Each structure stands twice: as structure tokens, then as C-alpha cells.
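Order as written gives the chain letters A, B, C, D and E; numbering starts at 1 within each chain.
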Amino acid sequence: MAHSLSHPSEKAGLPPGTLVHVGPAPAMDGRATLHRYTADQCEIFPVTGLDDILSQRGQGALLWVHCEGLDMIELISSLGHHCNVHPLVLEDILNTHQRPKFEQFDDHLFLVVKILRCDNSLKIRHEQISLLLFADMLITFRETADDLFNPVKLRLSGAKGRIRTLGVDYLAYTILDTVVDNYFALADTMEEAIETAESDLLRRPQPKTFAAIQMLRREMVLARKMITPQREMLLGLQRSESPLVKERNLPYFRDVFDHVLRVIDTLDSLRDLLNGMLDIYLSTVSNRMNEIMKVLTIFASIFIPLTFIAGVYGMNFDNMPELHWRWAYPTLWIFFILLTGFLLFLFKRKKWL
Amino acid sequence: MAHSLSHPSEKAGLPPGTLVHVGPAPAMDGRATLHRYTADQCEIFPVTGLDDILSQRGQGALLWVHCEGLDMIELISSLGHHCNVHPLVLEDILNTHQRPKFEQFDDHLFLVVKILRCDNSLKIRHEQISLLLFADMLITFRETADDLFNPVKLRLSGAKGRIRTLGVDYLAYTILDTVVDNYFALADTMEEAIETAESDLLRRPQPKTFAAIQMLRREMVLARKMITPQREMLLGLQRSESPLVKERNLPYFRDVFDHVLRVIDTLDSLRDLLNGMLDIYLSTVSNRMNEIMKVLTIFASIFIPLTFIAGVYGMNFDNMPELHWRWAYPTLWIFFILLTGFLLFLFKRKKWL
Amino acid sequence: MAHSLSHPSEKAGLPPGTLVHVGPAPAMDGRATLHRYTADQCEIFPVTGLDDILSQRGQGALLWVHCEGLDMIELISSLGHHCNVHPLVLEDILNTHQRPKFEQFDDHLFLVVKILRCDNSLKIRHEQISLLLFADMLITFRETADDLFNPVKLRLSGAKGRIRTLGVDYLAYTILDTVVDNYFALADTMEEAIETAESDLLRRPQPKTFAAIQMLRREMVLARKMITPQREMLLGLQRSESPLVKERNLPYFRDVFDHVLRVIDTLDSLRDLLNGMLDIYLSTVSNRMNEIMKVLTIFASIFIPLTFIAGVYGMNFDNMPELHWRWAYPTLWIFFILLTGFLLFLFKRKKWL
Amino acid sequence: MAHSLSHPSEKAGLPPGTLVHVGPAPAMDGRATLHRYTADQCEIFPVTGLDDILSQRGQGALLWVHCEGLDMIELISSLGHHCNVHPLVLEDILNTHQRPKFEQFDDHLFLVVKILRCDNSLKIRHEQISLLLFADMLITFRETADDLFNPVKLRLSGAKGRIRTLGVDYLAYTILDTVVDNYFALADTMEEAIETAESDLLRRPQPKTFAAIQMLRREMVLARKMITPQREMLLGLQRSESPLVKERNLPYFRDVFDHVLRVIDTLDSLRDLLNGMLDIYLSTVSNRMNEIMKVLTIFASIFIPLTFIAGVYGMNFDNMPELHWRWAYPTLWIFFILLTGFLLFLFKRKKWL
Amino acid sequence: MAHSLSHPSEKAGLPPGTLVHVGPAPAMDGRATLHRYTADQCEIFPVTGLDDILSQRGQGALLWVHCEGLDMIELISSLGHHCNVHPLVLEDILNTHQRPKFEQFDDHLFLVVKILRCDNSLKIRHEQISLLLFADMLITFRETADDLFNPVKLRLSGAKGRIRTLGVDYLAYTILDTVVDNYFALADTMEEAIETAESDLLRRPQPKTFAAIQMLRREMVLARKMITPQREMLLGLQRSESPLVKERNLPYFRDVFDHVLRVIDTLDSLRDLLNGMLDIYLSTVSNRMNEIMKVLTIFASIFIPLTFIAGVYGMNFDNMPELHWRWAYPTLWIFFILLTGFLLFLFKRKKWL
């Protein structure tokens, strides 16, 4: 949990705008790559300093600078200053505890979105990706590196490459779309886990089933908390009327927005399912208690009176005439059996058996 | 459940606009028909290619192209390109996991609605129907074929045929109306099932009654999730002020909107009923537990003291004067009876009997 | 329940605008009356056909056509066509499953409200009343006939008759006011029933008290569902700025609106009360269970050890020296009494007694 | 409860605008006083008829007419007609079941607020106070008389009397402020009662603690229902831009508005506290049940096996060799003790002891 | 709790605008300091009277007057009158039970925010800080003094001092930022406490764990109640378009706003966690009850029948042939063992073991 909810109170006291990476310690050395593309072709360069980027800018080409790992404070800082990015925006890029948000500036847009993953034990890990969208350049900052954006890179450098003809705003859309499609994968995983828990529940509910349901509910709360602000963010983007997002590409952003709505709908349905499962669990526990109490009550109610009678004829009074009757003992057994039968019949009528 | 909530994560990675049918596998070969009608008459043609449609267009006639089955990607794609439909819209038509939505374009409107059915085991199946409304043409896309729209077809080709005089927007309304009226049939079925469960509950609540209530609640959640977005969709349509929906026909769309509100009201009431039934079930379980405990307590409280006394006079001490009294044994029986009577009286006063 | 929530799925498939009475079968033959009034006097005529109405219209007089029973489809239909009423409105009048609503047309307003009654077993029955308000004529349609509007009729034909000077919009207000005042009567009946259930609950909670609370809660849900849309309806009416509602009469409609708000407030408070009562019931059941368990535990905990000891001295070992001690038996009784006293003291300290 | 929620269904059928006092029967004869004040001085007159007021009006002086008791229908009616007050407003003044509300007329404003008091048994009593604010006159109507407004009267007639220089709208503010400050007193009383109930709960929860919590929750619901509409009412007043409320005095009304928000915040927090206390109560009941069951189980589990063994050696078989062993009896006692010790150890390990 | 929710009903009756310090008694003598700074340097002066401030104002320098302790009514009052501050604002500064709020006046802005701290026992203490922002002066009023604003003071008087170049609105932002960053520290503390309670819960739930969860939930409610209004307050500030907040500094205020949203998100997630923990606790209690009942039922169900049989052969009938059979006793033991085995097998199959 430490990761999921903790807050950068460690930064309290520093002047705002101080560039320090706040977040889970980066497990990797930062690495930045530059895609320089025109409608016809796409070249890839490694980036080590600001100059690598500046020298490629202009000449009608579009640039995508992709930074993986946030320890390249030097590069991020100089890039930010060169591109006239507000110090607080740079701080937001480095401090990965931001809410998803959209901010509009004169010559660029700033977007923060969350990549959600869940590991084998169904714990959700979240990672922040920030986008800076200029007229001819998209800069993206991630905390880690993996293969999530490989399809984007392939399409960008591929043979057909319609993606190369639609501007950097379309590229930004592609990034967002990849991130949001990933939410569906997450929702699918959750749903499978819920189905497993559900069939466990129906077969044989146990405390550990309950724990699994609770854990899923908790991760669901976290996922919902992470994903919901994306809705407002994308709504803000659609309504911004920024010239940086071309009208032609607006339907694409509307499409991502629809996808986010659908993920949220799905998470809500899953939460309803989980709540229903908790009710089922608690009711099963109650029913089982009823079951146990019934067994106890039937045993006790039958044998306690019998034991009493046996106790009576175990008494040592001098004058107990029954003790000396010839057929007393078998008669008593018949009485025992009749009484037992009568009680069983009563319990049967009460539908306890 | 797999069907009801699963998501097209299988498409993740493909470029947007790629036309692939995503959804439950079509159980049928696609089939498209064309209704060409004027105020006076209506002709029906099978459609096998784009030309079948184009050749009929114009000359003051209105067209209704109805596609059943979504494996006709060729036809849908060429039709889309010819009519200037955005690639994402074509993708939404084929990917049947959309939320109900309304989108407005320059010369056409796009609507997605959900057809809901429930089978005998009360599982809700949902199917997507997409509408493309042009000035002189309505194109509808369904996943499967059944007799749902037969009345519409009959009215369109019927003798009187007022429907033929009111434009394709009225035809679109008729489609929507048929879909929404179907929701009432669904709500009726649900309500009957709830009444059955309720009378079961009042006669003799059992775990399986509880399971039925939970199942109904779950399907209700699903139905509500499917139907609610239709409200916004129809509101958007009414407010669009598109010239494609003639002012004269607006009251009809307002009427469908009212019907959707009423279905939602009904589902809400049914959900309240179900919640009340869950409370009743849980309270019945508690009451039955009380009942069981009372029986146990009464039996145990009466016989345990008696057994103790019988045990006392079963002891083998040399010096137990009572054992030798003449009337000791009958006296003890009288004491047993009095004690039992006293305890029964006590329990009576506590209203346990 | 069949009545309260069922839906006109029987109409599915018919073209919209088909005039069929949908609703609980009318227990009466339809009857229409016409009040023709000026500031000075009021005449009452029976209506059998459209001509009875048309012949009275005009000449500065105001008309109130009041239809009771909805089987006069002929009359309603011809009246509607003559007055230029939209076919869907006529359909809404006949189909009494409408939500309360307000619709504004060029020369008339259309209002649907619900009359709520509750019978002796506290089941709520609802009836629809539709109003068509023209500049000089008010037409009202009810499903049944009773004495609800008698005071209105009396005032209209009475000696003073200020009501005759304020226009048909004021008459429409009077109708609405009568309907809404009736809600207060309903709320009063509910409140009395709740108070009865509450005093039952405090004296001696029983499963049937619980059932009564649940039943009341259910009827409350229904009443709230029926009344709440009236709020929006009246708000729409106030904001319509229709010339058919004179500015002078607006405060009256605002007053009805306030009354509806108050009824809803009251129903909300009653629902809170009912929820509190359910909590009390469930907690009482728990407490009673505690009580029962305490009795069992006290009996069992005291007598089980004593019985064990009695059992020990009932054993038949050859060598049990205690059996032969002179004061063993009385000593044992003293021990029994001391042990019992000690356990009672313990339970006392645990506050179980 | 009769008082708190009952409704004026007794008025149903009367024409609107009929002036009848509806509400709890007035315990007092009505009494009206007139404060006539200028910046310099303040005179007080009793009022018996309309002329007493009219003769004092004008000449630059401001008037405050304060009516206590609502049986002066004659005076209220003539005053209303003279000042051009709408009949429905007069009706609202007399019918004390109004929601708090604000209505704006051409030359006066109408406000209804609620005075809340709670008696010793913490039952909330509410009283209505209506304000009619003219340019030079404030008329207030209360149901009863007490010392609530004495400080206002003192300040008005006091030596300094800044209050006399700020207009009748400031006087209206002072009245509202007094009423709202009284809510804080109510909230304080509730809070104390909650604290008492809480410490009872933590010391020793009992059914009567539960009843007290439920009662508090119920009164809280009532208080909230009464106070909340005041928020909208004051918002409406602030936004009315009526010339009757001078811009200079607006901050004062904003201040009262802030106070109402704070009272509502406080009531919400108290409700959260009460809900938490209910949870604690129910959980305590569960825990106590656990406690009881543990005692029973420990006693029964230890002594039932021992009793069985004692029973075995109380059997009368001819051939039971153990009975004749010399050390059998002491050995058995050692076994009894060991078995008891073993079971106690088991229960200890299960943390039941 | 007295502190957290109590209300200034003690002030009821005083005329508004009366300057009295209402709130927890100040533990300190008031102390005011004045920072006078330009881009180049910063001087600090103690303030004892109004003149100390007035003499430093002007000459292009910016002033920050920081008052700690609210017993300096004289100074606050004269400062307020000199700067044209509304009497109600002065009252709000002294009465520390205000809701966080933002008010805009012609030449100054007024802000109230809450500083939240929690002590070792996790009780939240809240303190009010009021800001008056003029064009060239910021006045802040706190109830107590501690080291919270030391970093601000250090930066203001530090060598670099970019803070000195951005205006007093930037200084106000710095104050707000410090306060809001402190909320994160609070949320961290809460989260740690919740984690501790959670691991307690998973290891061994006890009534005191439950009490800790309830206490945390209660403090969470308080914290949420205190922090939430800050959201509206900062929104109002951003939308005020006051010239006192320079456009250049708006991103900073937006940043604080984002932080407040994040804190609220976090508190919501923590509340969800706490609710989940309560569910877990209650379910654990139920499970443990099941456990206890199972042990009791197993012991009782096995030994009660055995004891009955032992009782039968302890009877003293003359004619009990079994007693004289040679192998009766060992046979009975075998029967005992078989019966026990059979019952254990049954319980095993019911998964009770």
C-alpha cells in the first residue's frame, strides 16, 4: 500500500519548482530516444543532451522525444527551460504522485496520465506518463521502460505509416489510446480473478475467499481512483479548442474518452458484483451457523431427556417399584425409541431435517 | 458473465480504424436488405455489394439498408467510405462493445443502442444496433437476425403506410421505439421473476431463494448499466438541432426518451424491491436461528437440573438418609414435575413459547 | 404489485399514435361533463359527442370538459383532432402508465399527474389524470370517477365563485392543488401506520412487525417514485413562460410546487424513520438472542459441573474412601451450594444477571 | 412526532387563500407590538388594530411590527391587504407547516424561517417565523412568545443603537442571525447528549443506550430537514438583487449564510458520529455473544467428557475389571485433571481464555 | 471532541462585529512580526502597534505582517479600520470556528484556511489561519505559534530569494502551499496508523482493534470536513479574476488546488480502506463464533449419546440381561469407539474439521 497512496510529504518545505524526482526509486538509468519523422520516413536517435534534440528540430519534420526513467534531471530541466515550460510543470513531471490532469499553455499542452498494471498477486502498480505536446514535437516522460509502446514505435517506423501523416497530436492520441486500451486488459484480469473467486464462493466459501474478495475490492477502489480523473482530463482536452489539436483529429480523442467511460462502467459493474459476493459470503456464514446450531440442538434435545430418564433409574432409593418389574427394562427401551421418533418427527415438521 | 462485461483487449495494439469484427462470434452469415420506399410504395431488394445500394439512391425515394450480421466487412467498409463516414465510426459499428452513444456529423448522425433480451434462465443477453441516419437513407447494423423488426417491415410495406410519408428520421424513431418497447418486455419478465422469488421468500426462504435474488439483482445491475446511457444519448439527439431530424418528428423522439426514463424508474423500483427482499431473507435467517436456540435452551434448561438431581441420588455414599425414606421416590417425581412446570411458566412469561 | 409497476409491453409492435386504452381495465363506463362558466354563472351539461362541446365554445365563456373513464376513445380522438393535439399526446392520455410530465405546444399545454390513494391494507393505488389547457378551455381525463373533485365543482357553481373570474389556468391550478393536497392525506395515513408499527416495535417486536415495516417501506418507495417527477413537471410549467398561464396566477403554481417539495420532504423523513425502525428491529432480535444464550449458558455452566461430581460418586469402584465417610454426603451438598453461589457471583460480575 | 411531521390535510378542500391558522393550537393570545425608530431614538407601542400601525408610518421613521401568536387573523388580514401582500403569502404566514422559503415581490420580500428548540428530553420543537420586509417596515410573525428576541429589542432601544442607522434590512438580518445562532445552541445540546451516550456506550452498552442513539439520530434527521432549506433560502436572498436589501448590508446576509453552512456541516459530522456509535453498539453485542458462547463452550467441552467417563464407571456390568483395581479411583482423578488441563491448554492456544 | 465540533453559541446575543476572540483559549501572548522586503533584501521588525506597520509601508517595498496569537484585539482592530476591512471580516479572524472561505473586496482579498495537526494519540487538532492580501501587503493571523512557517521565513530572508521578486500574492501562495503540504503529512500519519491497525486486524482482531478503526474513521471524517471546503475556496480564488492575484502566479494557485484534490482523493481511499477493514472485522467475529459453535457442537454431539448409553447401564433394574454377559463391557467400549469414529467422519464430511 505504501506505494499506492503515499504522498510526497518528504518535499514539504522545499521552494516550489525545485526539481527533485519524487516517487518510487527508479530501478533503471534514464534513457531518452528521439523519433524524427516525416510522411515518408522515420529516423531514431539516442538522446544524451539538449543539443541532440535542438539540432533535429525544424525543416518540416516532427519529433517525438521519449524519456524513460526520471533521473535525467539535467536533460529535463534544460529541455523545459528551452521550450518555455513552467517550472511547476517540470516539477509535476518529476513528482509522479500527480492526479491525471490537463493544462493548456500558449504554445504547448501538458497531460498527465496513469499507466496501470497488475502483477500476479493482482496488486495494481501504477506509473505516471506525462506528455508535452508542441506544434511540431511531442515529449513523453515515463518512470520505467517496458514494451508497452512498442506497437506505436513499429507503426511509426513501419512501411505504410499513415500515422506519420497526421501530426504529433495524432501521435499523442496513439499514446493515450495505448494507455487506455491497457486499462481494458487490467479490467479483464480483474474480471477473471472475480470469476475465480465467485466459483470458489459458490463451491465452498472460506475466510480466504472473503479475504480475496476484500483484496479485489480494494484494488478496484484504487483502479477507479486512478482512472476516473482521466475522464475530466480528456473532457478538458476536447473542450480546450487549442489549435495544437487539429479538428480532424478530435474524433480520435473523443474515442479515447468513450473508452475511458466504458472502463469506468465496467469497474462499476465489477464493484457491484463484488458487493453482491460479499453479501453472499456473509449470508453463507449465517446459514452455516444455522446448520451447526441445528445439529447441536437436535442431538441435545433428543439425548438430554433420555439421559435424564436413565439417570432416574440409576438412583439408589430403597423403594423404587419399577426397578423390580419384569418387563420394565425393555419397556423403557421402547419408550426411548418412541420419544426419539416423536422428536425427530417434530424436527422434521419444522423442516430442520 | 464472460459476454456481459468482457472487453476488446484483444484489439489492443492494432492501429485505430482497423476494421475487425470484435464481439461474440457471429452465429450467422451476414445478410443485408434494402427497402426503397416512397409515399406510395415500398420495394425490397437483397444487397450483395455497394452498387446494389448506389443504383437505387436518388429519384426522391428513401432507402433503408438493414444489415444483419457483422461479417460483411467488405460491404460495410465500402459503404462507409462512399458515404464519408469517419473510420472510427465504422470501427464502432463492428466492435459491439460500445456504450450507447450519439454523434453528430455534417451530413449524417450516428447512434448506437443496445437490444436487451433475457433467456429462460433470466440471463440477459445484449446485442448492439448501430444507426447511420442520412437525409435520404437510414443504414442499420445488427449483430444477429430475428423477428424483432418484423412489425416495422410490415408497416413499411403495408397498405396504409403513413410511416412512408414521414421521412427516414421517423423510420429511425420507429427502430428506436421498437428497441425501447422491448425493454418493457424485459422489465416485465424481471418483475415476474421477482414476484415468484418473493412468494418463495414469504412461504419458505431457503439458500436457493437467496441465490435467485442475488442473481436477479446482478442481472438488474447489468440491465441498468446497459439502459441508462440511452438517456443521455436521446437527450443529445433532441438537443442536437440537426436538420436531419425534422422538427415535426421531435415529439416522437421525446416520447422514446420518456419511455427510457420510465424503464429506468421501473428498474430502480425493482432494485428497491430486491434490496427489501434481501433484508427480509437475512432477517428470516436470524429469526430461524433464534427459534433453534430457543428450542435448545428450553430443552437444556429443563433437563440439565433434573439430570443433576437424578445423578445425586445415584451416588453410592453409605450415609444418604433420603434413600431410605418410604415416599422419597414419588416425592422426587412430584418435585421434578413442579420444577418443570415452574421453568415452563418462566419461559412462557419471557414469551419463548 | 402487478398494477403498480407493470408496463404496456402489450402495445409493443403497434404503430405509435394508435389509440388504445392501456391500463387497468376500466371498472366504469366513460362519462364526460361540460362546465361552461363566466364570472357570473356556471352551467353543467352532459357530453356525448364532440358537437356538445363545440356548440358551447366561444362567446367569452370558459369551458371545463371533465372525462371520467377512458373507454370513450371516439370522443377523445375527435376532440384531439379538432383541437390540433399531437397523436402521441392522445396516446399518453389513454395509456395510463405515463410518468408525470409537462409538455408545451403552440396553443395548449399538456400535463400528466398522478392521483394516489391508499386502501385499508395500506396498498397504494394510483390513477392518472391528464390536463389539456387551452386559452379558453380545460380538458381533464381521469381513469375513474369519485368525489375527489366535488369541492372544485361546488366552488365553480357556488354563489361567490371568485374561481370563475381567474381563467382556466386557475382552474387547472385548483385541480393540481386538489391532487397534491391528497398526497398529504396519504402521507398522514402512512405516518399513522408507521406510528402504530413503531409502538408495536417498542412493545414487542415480532416477525410480523418486521413484515409491516417492510411493506410500508415498499409502499413508500412506490409513493416517492410517483410523486417525485411531479417536482420537475411543475418546475417546467413555471419556467415555460407560456402565455396560457397568466403571470397573476403564477404564485398559485409556485404554491403547489412548494407543497410537492414538502410532501417529498415528509416522505424522506418517514423513510428515515422506517430505516431506523428496521435497525431497531434487527438489534432487538440480536439482543433477544443474547438473552436466550445467556439463560442457556448460566443453566449449563452451573449444572454441568455439579452433574459431573454426582456422576463421580455414582461410580462403582471398590476403593472409594469418600463413600464411607460419615459427613461426606452433607459436605458434598455444601460444596454444591458454594460452587453454585460462586458461579452466580461470577455471572453477576459479568453483568449477565 | 405528530407535531414534527403532520400535515395540513385538514385544510384540503378549502379554496386557496382562505385565512385559517393551521398548526399546533396557539397556547397564547396574540399580541403585537410596534417599534418605531430613527437613528436617534426608539419608541414602543402596543398594536391592537391596523390604524395603530398606519398612523406611525412615514416621516422618515422605520417600523418593526412584531406579532406573537397567530390568532389575530383580523389584524394580519387587514395589514396584508393594506400592504398589497398576496393572499397565498398571508396563508403561508398562518399555516406554520411551510418549508423555509424566500419569495420576492415588487415592493416587499417574504421570508419563512424555522426556530428550533429542544426540550429536556431532547425532542426538537420547531416554530415558524415569517418576515415581510418593506422599504421602511419589517413585519414579523411568530407562533409563540418567549425571550429569544429580547437582545434585539434591547439593542434597538439601547443608548448606542448603531442598529437604528442601518435600515430595516439590517434589522431583518439581526432577526435571522438570532435564529441561526440558536441553531448552534441546539447543535451544542445535541453534541453533549451524543457525548453522554458515547461514554455510556464505551462503559457499558445496553439496549437503552441503543434507543438513545436511535432517538438522537431521529431528532438529527428532523433538525437537518428543518435547517437545510434555509441554505437555499438565503442563497436566493443573496442573489435576488432586490433594492430592499442594501448592498452595504449584503456581507451580513452572507455571514448568516456561512453560519447555516457551518451548522449543516456540524450536523453532518454528528450524524457520522452517531452512525459510528451504532456500529460500535452492534459490534459490542456481537462480541458479548461471542463471550457468552465461549464460556458455554469451555464449560461444556471440559465437563461433558468427564461426565461420560464417570457414567461409564457407574455402569453395573458384572465384569468390569477396572472397578476392582486398587488404584483405579485415584488414577481416574489424575486422568480427569490431566484431561482438563489439556483442554484448557488447547483453549488457551485458541486465545479463548 | 469538544474542540473539534463546538460552536460559538457563547457569542449569541452580542451585536455582530463585536471583536471578541472566540476559540480555544490562547496558550500564548500574541506576537506580531513584520517582514519588509524588496527584491534585494528583507528586514524583520517586531510590531507592537499600528504605527510600526504604517511607517514601513510604501517606497516600493512589500510587507508581510504575521500575527501569532489572537489576543491582540487592539492591534487587529486598528489595523482593520485603517485598511478598510469589513467588521465581519475582523470578527471572522478572531472567531476561529470559521469554515475555510474566500471573500473578495475592492482592494483586498480575505482567505480563511485550516492548519491540521495530529498528536501522538492521532487526535486531529485544527487551527485557523486567516490571510488578508493587499496590493503591497499580506497580513496573516494564526492562533498559535510554531515552526510551520520557518522555511518560508528562511526563503524570504535567504540569499537567493526569488520569492522576494514575485509579489505578495506569491507569498500568500507559499503560505497556502505550506499549509496544504502539511495535509499530506497528516494523511501519511493516518495511513501509517491504518496500516498498523490493518496488520493487527489480520493477525488477531480484537475489540480494541475495532475501537482503533472506529477512532481513525472518526478523525478521517473530521479531517475531510475540514479540508473539503478548501477546494471551493481555492476554486473561488482562481475564478475571482482579482487584479491582486497576478496572472503570472495563477499556475501556482492551480497547483495548490491540485494538491487539495489529491489529499481529498487520498482521504477517500483511506476511508474506503477503513470501511473494508470494518467489514473484515465483523466477518472475523462471525467466523470466530462459527468456530466456537463448531467446537461445542462436536464435543456435545459425540459425548451426549455416549453418556446416555453409560447412563442406561448404570440403571438398577433387576432384569437387565446385558449386565451379566461376559463380554458386554468390552463390546460396549468398541461400540463407543465406533460411534465416535462415525460421528467424526460425518463432521469431517461436513468440513467442520
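We adopt the following convention: a contact is a pair of C-beta atoms (placed from the backbone, for glycine too) under 8 Å apart; a residue touches a chain by one contact, two chains touch by 3 or more.
Treat the numbers as computed from the prediction; the structure is a model and nothing was measured.
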Neighbours of chain D that also touch chain A are E
For chain B versus chain C, which are copies of one sequence, does the interface use mostly the same residue numbers on each side, meaning over half shared, or is it different?
different
Taking each chain's centre as the mean position of its Cα atoms, how many Å separate chain A from chain E?
26
Measuring centre to centre with CA averages, how many angstrom lie between chain D and chain E?
26
Counting in whole Å, what is the centre-to-centre distance of chain B and chain D, each centre being its mean C-alpha position?
42
Multi-chain contact sites of chain E, meaning residues that touch two or more partners:
286, 289, 293, 296, 300, 304, 307, 311, 314-316, 320
How would you write out the ring, from chain D onward through chain E?
D, E, A, B, C
Which chain C residues qualify as touching chain D in the complex?
151, 155, 162-163, 173-174, 177-178, 181-182, 184-185, 187-188, 191, 195, 251-252, 254-255, 258, 261-263, 265-266, 268-270, 272-273, 276, 279-280, 283-284, 286-287, 289-290, 293-294, 296-297, 300-301, 304-305, 307-308, 311-312, 314-320, 350-352
Using the touch rule from the top, collect the residues of chain E that touch chain D in their complex.
1, 5-9, 11-13, 15-16, 86, 88, 92, 97-99, 101, 103, 204, 207, 210-211, 214, 217-218, 221-222, 225, 278, 281-282, 285-286, 288-289, 291-293, 295-296, 299-300, 303-304, 306-307, 310-311, 313-316, 320, 322-324, 326-329, 332
